[in-house]
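So that we are looking at the same thing, I have put the structure below in structure tokens.
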Amino acid sequence: MLEQYGYVGILLIIAVGFTITIPLLPKLLQLIGLIPHKKNPTKSGQYECGMQTIGKNWVQFNFRYYFFAVLFVLLDMLTIFLYTWAVNIKELGIGGLVAVGVFLVILTIGYLYAWRKGALQWK
Amino acid sequence: MNLNLLSWIIFLPVIGIVIIALLPKPGQKTVKWIALSATLASFLVSIAVFLMFNRSEAAIGQMQFEEKLLWIPAINSYYHLGVDGLSLPLVILMTFLGVISVLVSWKVELRPKQFFIWVLMLESSILGVFCSLDLILFFLFWELELIPMFFLISIWGSGRKEYAAYKYLIYTLVGSAFMLAGILSVYFITHTFDITALRGIQIGTSFIPLTVLFFLLMVGFAIKLPVFPLHTWLPDAHTNAPTAASVILAGALLKMGGYGMIRLCVSMLPQVALQYAPVMCTLAVIGVIYGAAVTLRQTDLKRLIAYSSVSHMGYVLLGIFALNQVSLTGASLQMFSHGVITGLLFAMVGLVYDKTHTRDLNNLSGLARQMPIIVVVFSIAGLASLGLPGTAGFVAEFITFAGSFTSVAVAGMKIFTLIAVIGIVVTSGYILWMLQRVFYGYPLDKYNGVKDADAVEMISTFAVVAVIMLVGIYPAILTNVIYMGIEPIAKLIGM
Amino acid sequence: MMDQIRYIAPEISLLCFALIVIVLDLFIKPKKVLPVIAVAGSFVALLAVLMLWGVPVTDVFNKMLAVDQFGLFFKALILVSLVLVILASNRYVLKFEKFQGEFYALLMLSAIGLMLLVSAINLITIYVALELSSISLYVLVSFLKDKQSSEAGLKYLILGAVASAILLYGMALIFGTTGNTCLTCIADYVKGMPAASLAGSPVLLIGLVLLISGFGFKIASVPFQMWVPDVYEGAPTPITAYLSVASKAAGFAVIARILLTAFGMPAWLHNDWAMIIAVLAVLTMTVGNIVALVQTNIKRLFGYSSIAQAGYLMVGLAAMGMAAQADSTIRSGLIFFLFSYTLTNLGAFIAIIAISNKINSDNIDDYSGMAKRSPLLATGLTICLVSLTGLPPTAGLIAKIYIFSGAVDQGLLWLVIIAVINSCISAFYYFKVVKVMWMGEPVNNDEVTSTWPEWLALGFCCLAVVVIGIIPGAFMAITQNAAKIFGI
């Protein structure tokens, strides 16, 4: 059992190796002279192509976006559970139906809560 | 016939507490009368027990008036009460001082309801300590005594009362902390909490050295007694406590230490006690001489008597660790007589302070003219304290010294005794000097208006004087009883 | 499968009532009815627990949850503290204005998490239950929404997340070594291990240490106690009370269950972890007590005091670990102490909540002369403080005697001596509060009033503390019964 953690260890080594190599790669190539290093403003900008950025990058988003994001996550949850249930609907039988029903009730209460608390309004 | 007399003695004050607590807005007088009747009832029951106590040869070493009830089954602990010759005089002492302490606080006006609740609780817990025959119960009562004392000192005290209360609390807690560890060790070595079963028990194997066990228990008792050098809480607590608390503290509470030493340390581990007796006797002698010497330098009346207690408790320690039958009897008697005498002294100091509002020897002089009755009683108490024949003090000290001088249990006991006797000389020095400073000499004009003792004060102090005289003239009234308890313990040591 | 549902009836009924509270809160104006429903729900759940009391020990849902006296005892304890906290916060909730419903519902949800936690016998259920209770508590801690409360909430969240991560990592390593997540399966594997000491199996050792660390956070043992003072101070007082009792009790229950069920045998193993716990116990009570000495805020003081109490509890845990044979006295010491500590600490907090409602301050100096302003509240708080110090005639003393007696029996006399010296130190700060209340002069002469639910809760706690202190026999029998499951 413990040996199987060896695979995780290999993955870990690869991941660490990868993250270390990639930033060092340009430097390495530079060192052996494979790539030129003449600087100019366009080259050292954030985006080599496309528009120049306008304003600061610390823009504050309206927090109401988060409400919708969270509600969307709820919807995702719903999909995941309902999908797996739907696939196995025959085997799960009545018990599964009841379980999903309970799940739906709880989720509905969640939406009800969001609605009554005004999370769905953009004011 | 089982009347549960001991339970009544312990819980009559508790009944008093409940009545006082339940009265919505009682008048001061009501509270005092309830407290008085509760303590008086308890006293009368204890007298009944004293009279009914079986003094025959067959009853030697037997616990009497036993009550046993399974209390905590999980750790095999019982609600187990009983008295023998060792504890009975101390029970009488406490119930008696309980009455006296209520009488001396007849003039308390600050929050009387709470005051008397605490006094009654104190009485009940100390009685519990003397009556319990189960270690857990013993420990419970031992700890219970802390709370009322803390409040009595810190609310109704004077001077640095909070400091004194804290010092008292911490000292006692540290002592009882070690004691708890000791008690639990005892249980797991012997598998019983029963004090009667522990007397002279043969301890086979044990997971800690018996010496460690002995000292775990001893620390708690030594702080309470107090043994030099663990005595420093005592002068502070005494000086700053209200009169009633001082009376009980000096009179009965300190005796818990001596009682515990005889009951547990000596009876349970006589061999260890024998081994360490020289150390204890050295501490006792140091305590006697040091206490007396420091007393000489005190100018505060209460502090003076407090330090004299350190000295007198040295005699008790000496008597206990001389480890023979006479000296142990002497120590027990000394505990009783010191209880009444010092109790009376504190009560008298309280009276003087009430009238003159000072306890400083330098500010007092020639009070004999202004308060003749107080002078007489105070002088009797003082003379009893220095051991004048005819008073309880003499008998107790004489027996203690006679016992320790002839003791062969410990090497060099004669020298210890001879040094300790010097303490008596110093005692007469400071007592007489104090009496002379306070009552004789030139009367001061500023005390011209002060009143002498009133009826309540006279009743309470005369009662104590009577007891001092009674024991002084007819000591057999107590020694007969004490013998019943001491004899089996002395046999254990084999001396 | 479905027939096993009845075994989690307490949790389900409490969940239903929590949902009812949420929905009702959305549609009705008078909020007075919410606590009534919450309390009713707790009582229904309590009834369900009591009805399960006699059932034989079983495990349900494929060895995910256990049904036994141990779990049921703690479920009842959690529910009782839930009821008491709800009663005590009867006036305090007015501070939350809009969010009263959420307050009750989240409290109930976290109680469900704790109830599952104490009966969980699988590392996965343990983790899920822990998170369910923790996430509700993160929100509750920041409920006051002022600066301190938000800070407390954030701290609790971040440190809690770190602790969860550590715990999870420990669980992963244990799973890696043993190949199982259910506790009894782990126990089977461990019994068959050839190694004679933990050093022979470093991965398991690390896993165990990480596990203890993760739960160390939950029970606030040193060195994982750093969140306690800030969170206790910032959180709404009822939540502080709840954190200090229910959450701690459940933490100890689950750690005892994991250590004893999964790692209770063979001897070398349980002696090893018992030693770790014993050393942590010394650190915990000493740090807690010494730092508590200098506190001026009563909630911070209780924070450190609860750390110190955790130290005493760990003495019991260490004794449990040392006990070679199934001795019910030793094994129930911890449970009995938790029982008495829960009631005592809750009592103290109920008095503090009632007082702070009026004086709006948590400074100990402002408690000055409380005995004159409200004698009964002061008496109640004093009884609880006396019990925390471990003086008679209260539950605290008996609990200490009981838990320490187990430790002495296991040869931990050195640990007990340190513990009793520590309880002397604790007298300093507990009596500081007592002193201020009884001897100080009142700041002003306004009477401090309180409502009947607060009286009820405080009265119940104080009465229980004194009754347990005087006749502890029956209560000890219950806890011994609960400890029986740890037989070998």
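Chains here go by letter, A, B and C, matching the order in which they are written, and residues are numbered from 1 within each.
Simple rule for what comes next: a contact is a pair of C-beta atoms (placed from the backbone, for glycine too) under 8 Å apart; a residue touches a chain by one contact, two chains touch by 3 or more.
Please read all numbers here as calculations on a predicted model, not as lab measurements.
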item: Pair exhibiting more inter-chain C-beta contacts, B-C or A-C; value: B-C
item: Nearest-to-centre chain - CA centroid comparison; value: C
item: Chain located farthest away, centre of chain A as origin (C-alpha); value: B
item: For chain A paired with chain B, centre-to-centre distance based on mean C-alpha positions, whole Å; value: 77
item: Whole-Å gap between the CA centroids of chain B and chain C; value: 43
item: Whole-Å gap between the CA centroids of chain A and chain C; value: 36
item: Multi-partner residues of chain C (each touching 2 or more other chains); value: none
item: Touching residues (chain side chain B, partner chain C) in the complex; value: 70-75, 136, 139-141, 143-144, 146-147, 150-151, 154-155, 162, 165-166, 169-170, 173-174, 177-178, 180-181, 184-185, 187-188, 207-208
item: Residue ranges of chain C touching chain A (in the complex, touch as defined); value: 1-2, 19, 22-23, 26-27, 176-179, 203
item: Contact footprint of chain C on chain A as seen in their complex; value: 1-2, 4-5, 95, 105-106, 109, 112-113, 116-117
item: Chain B partner contacts - residues on chain C that touch it in the complex; value: 328-329, 332, 386, 391-393, 397-398, 400-402, 404-405, 408-409, 411, 413, 416-417, 420-421, 423-424, 427-428, 431, 435, 438-439, 471-473, 476-477, 480
